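Scrolling down, you'll hit the structures one after another.
Note that subunit A is present in both complexes that follow, paired respectively with subunit B and with subunit C.
The block that comes next holds the complex of A and B.
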């Protein structure tokens, strides 16, 4: 029978000393490998409040750990390490180190909201996943995801002009993520468009690409949106006790 | 006129039984070993009661006054029953003050005894002054002094409430659930959060048994409105690092040992059978059930009967019970006793 506790030992917690003497006993080398304590020595009450202050995280404190969200989860069915129930607990207790171990899979939520409809306490786990991904970014634990870069290019354009010019979004996305604009699929798609679309429509597209028309009277709306976005971001940074410039 | 009904114990069920009997025109002799009526809620200084939120001194105090001012109720305080002989309709009780009471029936409303936390030494009660019981926290509220650390009077910044202290524990021969401690703890946790908003409250539980309507009114409310945190763990040990208390156990969800500093640790103590139950059993010739509570003769046909005809039982004497259910059982026992003494009267008239 394998020893279950062995599975709880993490490689980074194994310590071997090349030269160490304890009370006159030589404990150097592999045969005297130490295991660092796994004991949790404190809670961090602030962490739950931070997540709760971000959009989507408001109801995290309702969770009673029944696991309905994880059982309902689309991603969990594919990747058993994707466990919203567990992450909610880590946040509630303030076990930041444990949460950060999963920072590279936490963003995989596809927002299908099956958890939302399964949750008996209306925690809104999907919202908590969003808030947590946001929190990881704001705290500087994760880099901007490609999808965030795309969202920024997209929304910047909407805020500025009230319109979307797909070509520009794509160009900005590829430029900002350091990718070539000449993607095979894109080249093929444009060739197809050029050969199939009526000339009049092509000219219209070309005009939009070059002239970047705005929605008439957009300036007021644009200013209002900018103000609101800034307000939201300032609130989030304040709640996370970050300075206004950036993470860290 | 029929003989009086002897009510033993002046807590919620005894007060309720005495009042119900008197309301039906029946004479009552109410004896209590304490020098005051009111039972645990008054003698132990409970604060606001579940679920009404009324202060114990108002709610139970009102019941006491109602009985004390009733001419049909004769009250004997500071007195115990030494012997109880005779048959239904014709009992004779000898009291510890040497007097006798002729009674048609008796109702045992003898309640419970709070679990003594010293019997779980690993949880630090009696060793560290800042380990207290739910009863002590109730007293902190009812005295108006508020929740403070007994060691130095400071306001606690983090409080742990340990559930099932003296309940559900074969190690100490207490295999029952004390029924009320989960709800009482949720209530106390909310009161602490209201009084000291900067203080975080953690409840360590095995199961949460805020039964019936207490589910959302206490359990959910404490989590959702008051941000009380519930952690599934049975604590192994309460020690001290010299400054604060250390609560040690296993966090079952992260599979890691915990050793968390707290300012105040509260034992949610359970309800033991009344410490006098062996004596009561001998004096009244009633059986005790497996856990040491007074045995009920039947579950359904008449819930107030004990194993001896003419001796009825109500409230926490039969097992852990809420105050409102104890009151209902007191009325139920009054009804049963009344039927007995009245039928004895009718037979005598024939």
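The block that comes next holds the complex of A and C.
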């Protein structure tokens, strides 16, 4: 059995009979464990195409399931359930329900690109992970995950001013995710730094949090970017048929 | 010394104006000490780091294209970026603009609306601060200038993800002897060895620190960083040398976090390679911004007579 059919041997799909005879043959006990028969009728036939229409997902069709991505994966090494090869298989087969079982860990891809480096078919698995994470959010299968909240807080600053100030990104992210800024590890780190820094530099850094760094003459670029972002969003909605669903 | 890179355009990027301040300072001081001129890009913008590409990758290409067009307008054919994120994104833009018509179209459209010249692939070469020192000064040149040898300081060289992956955006790497390797990079090792360091065999040179999710998934980042720190210690290193502000800050932050949250204390020090090289050239610890690092390495540096 190919390893990606592991859903078949999940405990709830296995049956062992204490006393069972079939056509005169004793099939009782552990040695005669049965796999419950499966008939899949609810393939999501659009899933692959939809994910392929989002940035990063374009080359998912190239995958031949060698598993180099999962073998190389940083996150798989600390969580075996994080399995890009398996997810690509599920998407290509249209097994949406199986994919949704992992909807709360898929966003954890750290974009280290070890998979992209290893992939012999140029699938760009890192991009596929991002496209799939977006697909889950756009389809309403999950709320916006912390990585998306962070990406948005960061990108909004870049689009508005041309630059970011990392202290502001940090404060915004903690505010938007409802976390306290006064995490004890963060406080300890800042205390250590403050005790060592010369006063002049401290004042300069403090000033930077008041006066936002920005690129001069950015307004036209900012407007052009915002317009393009809207265009991307509209394309994604169309490809995922989101507006049509709303109209039904 | 070849005379190459005597003067380069310099793209510090946002991190070097914030948490990576010490990397900015030490890079500039190192250049000054070596007689290399860096000219900051005028009115540059953020490269989009690891985030904007998740809104749309072509937007990230545009952001880098704007910076490359500034370098071109200033008359430079080379731009040096010390930050792995900036370096990676400039390289990625260069690759996409020469291989992907859709990226060219979007970059052209946004550049016109923003009112500046559209950057065309092939006009400006992007190099990392490691290429800069390696090609402009080289190991022999460094050896001749060392005033305060690192004297056998045991160093684990940590390059992170974005300096080598994905490989197709770095066409100059993996070209045999003399070129950088994407599977086992060595430029930083070479430079620090010339400054007297003893590089330990470190298998996690290009492991990931979880930098992209350093705040959004901090438990994962802490695990990844702790693995890097404990492995470097097990390899016998006193210091991890870094060449990326995101990696550097990530290692420092999660070293504290690992101790506070997981109760795992590590004592290895974390310094930018530019700080180590600068001190080897006789610059003071203060001059290369050691006190601006989030972690405190003053004990080790005093004990080793550095800075």
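Note that in this section the second predicted complex is superposed on the first by the 160 of 248 C-alpha atoms of A that agree within 3 Å, B and C clash if a C-alpha of one lies under 4 Å from a C-alpha of the other, contacts with A are read in each partner's own complex, and residues count from 1 in each chain.
Criterion: contacts are C-beta pairs under 8 Å (C-beta built on N, C-alpha and C of every residue); 3 or more make two chains touch, one makes a residue touch a chain.
Worth saying up front: this structure is predicted, and the values here are computed from it rather than measured.
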First (subunit B), second (subunit C), both or neither touched by A:106: neither
Which superposed partner A:136 touches (first subunit B, second subunit C, both, neither): neither
Touching partner for A:123 - first (subunit B), second (subunit C), both, neither: neither
Partner chain(s) touched by A:41 [first = subunit B, second = subunit C, both, neither]: first
Partner chain(s) touched by A:164 [first = subunit B, second = subunit C, both, neither]: second
Contacts of A:65 with subunit B and subunit C, given as first, second, both or neither: first
Which superposed partner A:8 touches (first subunit B, second subunit C, both, neither): first
Which superposed partner A:89 touches (first subunit B, second subunit C, both, neither): first
If touched residues of subunit A are counted for subunit B and for subunit C, the larger one: C
Residues of subunit A that lie at the interface with subunit B and also at the interface with subunit C: none
Subunit B-touching residues of subunit A, taken from the complex the two chains share: 8, 37-43, 45, 48, 61-62, 64-65, 86, 89-90, 92-93, 95, 98, 121
Complex contact set, residues of subunit B against subunit A: 158, 200, 202, 220, 223-224, 227, 229-232, 251, 253-261
Sites on subunit A touched by subunit C in the complex: 55-56, 74-75, 78, 108, 110-114, 116-117, 127, 130, 134, 145-152, 154-155, 158, 162-167, 170, 173-174, 177, 184-186, 188-189, 192-193, 196-198, 201, 205, 208, 213, 215-218, 220-221, 223-225, 227-229, 232
Residue ranges of subunit C in contact with subunit A within the complex: 14-15, 17-19, 21, 43-46, 48-59, 62-63, 66, 106, 109-110, 113-115, 161-162, 164-167, 182, 207-208, 210-213, 215-217, 220-221, 223-224, 252-253, 256-257, 259-261, 291-292, 294-296, 298
